[in-house]
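Structures for review follow.
After this come two complexes, each holding subunit A, first together with subunit B and then together with subunit C.
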Partner chain A sequence: MDFGATLLPILASGLAVGAIYALIGVTYNTMYSTSRVMSFTSGQLGMLGGVLGSLFILRLGMPLIVGFVLTIMACAIVGVVTEFIAVRPVLKSLDQHLYVLSTLALALMIQQFTAIEWSTEPQPFPRLFGLGSGSFDEKFWLPVAACAFTIGALELMQRHTLVGRAFLAVSEDNFAARSLGLPERNLRIASYALAGAIGGLAGFAGGELMLAFFANGGQYNFYGFVPVALGGLGNNRGSIVGGLALGLFQQAANFLVGGVFASVAVFIAFIIVLLAAPQGLFGTSTARRV
Partner chain B sequence: MTVETTTSVTGLRNRPFGAARSERWSQLAPYAALAAIAAVLPWIGNEYWAVIGTRAAIYWVLVAGLNLIVGFAGQLAIGYVALLTLGAYTTSVLVAGNVIPAVPLPLAFGAATVIGAVFGLVVGLPALRLRTFYFAMSTLGFATIVTQIALAWKSVTGGGIGIVAPEFPAPFNTPWGFYGFCLIVAAIATWMSANVAHSRFGRALVAIRDAEVAAEANGISKVQFLVPVFLLGGAMAGIAGGLFATLQTYVTPDAFTFDLSVLFFIAILIGGRGSILGPLLGTILLTILPEFAAPLAAWSTFLYAVLLLVIVLAVPGGIADLIDFKNRRPLTDAREIQPQPALLSRVIARQPGSQPLSLRNVVLAFGGVRALDGLDLDVQPGRVHGLIGPNGSGKTTALNVISGYYAPQNGSVALGGATLELGHPESRASHGIARTFQTPRIVGEASVLENVMIGATVTGRATFLETLLALPRRATDERVLKAKATAALTAVGLETLADIRANRLQHSELRFVEIARALMLSPAFLLLDEPAAGLSADEIDRLGSLITEISRQGTGVLLVEHHADLIFAICERVTVLNLGRVLAEGAAAEIRVHKEVVSAYLGA
Partner chain C sequence: MTILRRTISRRAFTAGSAGTLALGAPLLSRPALAQAEPLRIGWLAALTGPSSAPAVGFNRGVVYAVEAINAGGGVKGRKIELVTRDTQGDPTKAVNATQEMISAAKVHAIWGPTNSGEALATTPIMARFKMPNLHPCVVNSLIDTAKYPNAFRMAPSNSQWDDAVRGYVLKIVKAKKVAVIGDTTGYGTTAAGDSVTAFKKDGADVVYTAQIDSTQPDMMPDMLRMKNAGAEAIVMWSVSTGMAARMFNARAALNWDVPFVGHPSLGSGEVAGLIEKPANWEKVYVINYRSCSFDAAGKLPTRTQEFLDKSKGKIDLTNTLLWWVASGVDVIEIFAKAVTETGSSNSEDIIKFLNAQTKYPGLFGTYTWNTGEHNGFPTEEIVMGAANSSKDGALKLAPGY
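And now, the complex of A and B:
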């Protein structure tokens, strides 16, 4: 196989989309860790990262850094809105899985609003730094860099800050954390804001590659969930490994046999792996209460 | 203890005799009204109305099947538009003959039915093993892929340009003719889904939704009950897809937007879970609604989403809850549970067995904690065996090992000569092992009678296909189960509450409902997990005589209980556990004065 012409583009685009999927997976996990809820808004946050970046920088002509900060802040707010509207009201009856419907409804509202008010066609995303070309173009390595940065920051936060440890405590045992006097509700809101920022970052960093397109939300929802399912719920490392592997697999299939078969292959692999290992490849099963 | 034989007068008997028939008519009346409206539509409306009516009927063919999956079984299949797409392309491609030589229309519909069923099952597979969200995702992913394939596989589907849909022969080739045809299909779909809903299959699905643990204890395995429903739902969606194609006259991928999935879903939720009439009304409503809100057409999906959110947050019960007048009637406050143990022989009616239920050297550790540490236990048929001990001594864990929720690391559970499979709760019912739970596990939205009928799910004889087509064995099953459930409810003293929704009952009443449900199996062994918790002193007395009489009918009872009085009043043998081991075992009288037991547990 010709390295420069085939393998390198596969690696570059595979790692790039893989990093985006991984970050969306981390978004799912971050929301899940404090609320035990998987939210359909995760993928929409990635979509918003691209659309808002394009809106602020290209359409409104803001400087790069201002546009970036505003995008991340807006996505963090959408994360908090998710918690308020779609998660908190149904937390009491978690076993009825109403959150699937409430977050789906909110995700659809975000997507449709974007389609109508922004555009139903993919719109260009600004070139951020103008670095690199070919397979080393920034559009390929920016998502990877964003992913590395996020993982590093999350690890540092969990190990060295009080808030990070509080997150861990709540995700480990909600009731125990509350009885220790941890402000469980505020931590949950904070984790949704954090998740929003991570999702926004994923979409922003991947904007040059995926463009500012309302339908990206649905794609991110599914492909971002695959690494979560494969890696085990709440397991960030599993999501990163799963996301990158998914990206490489998908892009390789894309280059070699075409996009549709790539999607079919991913779907079949998803179903088979889940049936074989319901807890994910890196997850652990929990004892059930009778 | 005296055996109560008085028939209770609780003031709830406000239905005159013969009300059953009029109730049946009042249940059918709304459907008759809808049919009448549908029948007069051609005389009062124009052909545009024919199209809308046809669309509603086609949507309902799909929703009727999906309703069993979403509304009854509680499985959140959100990408069902994909199966509609598959059905539409299957009939169109086969009739057009651009892959294989053209096939006649009925055969194409047959193929759409089969393909719909197969993919309905494929998409449903994750639901058999995984948590709800995974299933939602897999259906969503499937919906995405089907649209992509429809776009890309140009040689077959015509890509974005599309393909001509099959035309129906006369007299169904006019708008009103096709309308009539679709109405007939919709009526058949309603009838079939009602047949399933009001059978042991429908009740089992609701049990899987609302009381999964109890469902397993009653022998309801997800695979056995969900697979046929996935097949049925897929098949109906495939047929709906074929009809939808003909209605559109031309099939393109953009006719199958995700909006449709949301519409189907909301129709069910608006209608209310576990109802057929509700989702039917919901489907009609959502099909007609956009016709009145034409200026908002661009925002329709957005508005559907808002509607979905509002329903989930504000009226989770849906239309069905709003029109459920029967359950608005207040219940009498001062009601007493008056069991009639003398009537138990009608329910249990079993040949007293001679085989004991025995545990040998059972070891079960959770991490480092040995919850059961080499437990031996023998429960004899026709006897009441008490299992007592301090909190955390392993009583409930032992029950959970017997009923298969926990698989011990070592040891065996045997019923007579047969060794029971470890860790398969859904296999226990067929061995005649029934149980109740510390916290009653009841389907709150079903009536008390339906809850009790769930107990005998495994004894039903009609297969899914027979049930679907209302063949004679379905009616026999229903009659037998209903009679037995009524007898069981009478025996435990709750017959006056039979038609009441279970979540309106008091805690103590639910305990007796669980016992009635367990008796439906005519169990060889009955495991009771703290049945007296939360009961008044009088109720405990009556419970005691009920349990005694159950054992006299030949059923072996294993009773986990903290009320020492009850234990020593009715148990012949008692096993005392401490730290997962047997501290003492013997006749009740011996245990009562056993030194170690008194000091470790009973107190002086």
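And now, the complex of A and C:
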């Protein structure tokens, strides 16, 4: 295989889209950790990261840093809104899985609103730094850098801050955490804000590659869920590895067998992995009371 | 023997006369009312939603023409009343709107819908009610004079587009090896499949064919395969501007100057914002029309130029295509002429008028319909335009004409 002509583009685009999928996977996990809810707004947060970045910087002409901060803040707010509107009302009946409907409904509303107010066609995303070209263009390595930054920051937060440890405590056992006096509800709201920010960062960093397009949300929802399933629910490291592997496999399949068959190849691999390890590659099977 | 004599009292006579007058008045005054009744034209427009760009353009022409005719006194004294319903590109909404237009709004003719998915659902309904219908949808099966004697196409069909593209690639570009690609939508798959069959029938060597996911972030894999296969022209059937721009960017990254020929969306203004540099949009030729093309001297056909001069400042042409606007104007003028010439807005009379048109000189095209052929747009008026040359919604003729 010719490294320059084939392998390098596969690596560049595979790692880039893989990093975006991985970050959406982390978004799913962050919301799940404090609420036990798989929120289908995760992909829409990624879409909003791209659309709002383009809106603030290109359309409204704001400086890069201001546009970035506003995008992340807006996505964090959407995360909190998700908690209030689509998650909190159904928490009491988690076993009925009503959150599937409520979060999916909110996700569709976000997508339709964006389509009406923004555009139904892909819109340009600003060139952020103008660095690199070819396979080393910033559009390929920015999502990877964002992914590395996010996983590093999450590790630091969980190991070295009180809030991070409180998150872990709630995700381990929220009843026990509450009985210890931890503000479970506030921590859940904070985790949704954090998830919103991570989703927004994924979309912003991947904006140059994926463009500011309302339909990206559905794609992120779908492909972002795969690393979660591959890596094990709630396992961020597993999501990162699963996301990057998915991106590389998808792009390799694109190069080797073509677009339509690439999707088929990805899902065949996904099903094989789940048949071999139903709890995900990095998940642990939980004990079940009988 | 008793003879019964019935006499009419004055009171009974008065009451009877009043009743007769009250009941008979609508009948007596019907001709006068019909004259004053507005000419209602239904307009099934996908004004919002994913495929709204064409309808927004058509709508500008429609509104302009209606206002112009009404300002001039209407059609034989009857004002045109536009009954517009936003279908959002959704066949279900289009069906509901069609039924409402026919049953409740009592329209005299319907224009639209403007995309084939909706038209496939609405055409049989309109046929059932014998509703005169003009539409610009490309799917071949939408025109069938036996099944849908009320439906008339005033834009090219898919096979006419295909013929025009193939003719340009084989006769003007003189490409022997052709790559044909489409997106993964129903339209992209069908159009690319038909195109491949027709190219092969004409003896061309189709060296690469693929359905490509339009959301794929990197088009380099397909571009590399097409280059390695030796393609001398790429024919592309997709309405996705994102996919088009990514294709053009990937072609530039490969330093490859192969021409792209295909769907009008390759020349959409949206593409301009998505390409990495303006040069990436060179050598892209899209389906366009004689009436909306600048010749080598930079001039539009006289009829089109006169319309632009007349409508200057009244129609926004900066973000739409001129042929969409021109079609909208034509449709309203055709319906108005049908009523003027037949003196009637009955369905049968409008359909009879449409069936009698030979080389009707419209703004967009020269239409011919008869009882055996409802594809009204002439193939020879379809040309290729340079995608990056849009001005006032019109394009420069592609090289070779």
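We take it that the second predicted complex is superposed on the first by the 286 of 290 C-alpha atoms of A that agree within 3 Å, B and C clash if a C-alpha of one lies under 4 Å from a C-alpha of the other, contacts with A are read in each partner's own complex, and residues count from 1 in each chain.
The rule we apply is simple: a contact is a pair of C-beta atoms (placed from the backbone, for glycine too) under 8 Å apart; a residue touches a chain by one contact, two chains touch by 3 or more.
Nothing here was measured: the structure is a model prediction, and the numbers come from that model.
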Side-by-side fit of subunit B and subunit C on subunit A, or clash: clash
Subunit B versus subunit C as contact partner of A:219, first or second or both or neither: both
Partner chain in contact with A:86 - subunit B first, subunit C second, else both or neither: first
Partner, of subunit C and subunit B, that touches more residues belonging to subunit A: B
Partner chain(s) touched by A:13 [first = subunit B, second = subunit C, both, neither]: second
Partner chain(s) touched by A:210 [first = subunit B, second = subunit C, both, neither]: second
Which superposed partner A:122 touches (first subunit B, second subunit C, both, neither): second
Subunit B versus subunit C as contact partner of A:104, first or second or both or neither: first
Which superposed partner A:113 touches (first subunit B, second subunit C, both, neither): first
Which of subunit B and subunit C A:271 touches, first, second, both or neither: first
Partner chain(s) touched by A:63 [first = subunit B, second = subunit C, both, neither]: neither
Offending stretch of subunit B which, after superposing on A, collides with subunit C (from 6-14, 78-86, 114-122 or 150-158): 150-158
Doubly contacted subunit A residues - partners subunit C and subunit B: 116, 219, 258-260, 263
Of all residues in subunit B, those that touch subunit A in their complex: 74, 76, 78, 122, 125-126, 129-130, 132-134, 136-138, 140-142, 144-145, 148-149, 152-153, 213, 258, 262, 265, 269, 298-299, 301-302, 304-306, 308-309, 312-313, 316, 366, 396, 400, 405-406, 437
Of all residues in subunit A, those that touch subunit C in their complex: 5-6, 9, 13, 16-17, 115-116, 119-124, 134, 209-211, 213, 215-216, 219, 251, 254-255, 258-260, 262-263
Residues of subunit C touching subunit A in the complex: 48-53, 184, 210-213, 215-218, 220-222, 224-225, 240-242, 245, 253, 268, 270, 273-274
Sites on subunit A touched by subunit B in the complex: 38, 85-86, 89-90, 96-98, 100-102, 104-106, 108-109, 112-113, 116, 218-219, 221-222, 225, 229, 258-260, 263-264, 267, 270-271, 274-275, 278, 287-288, 290
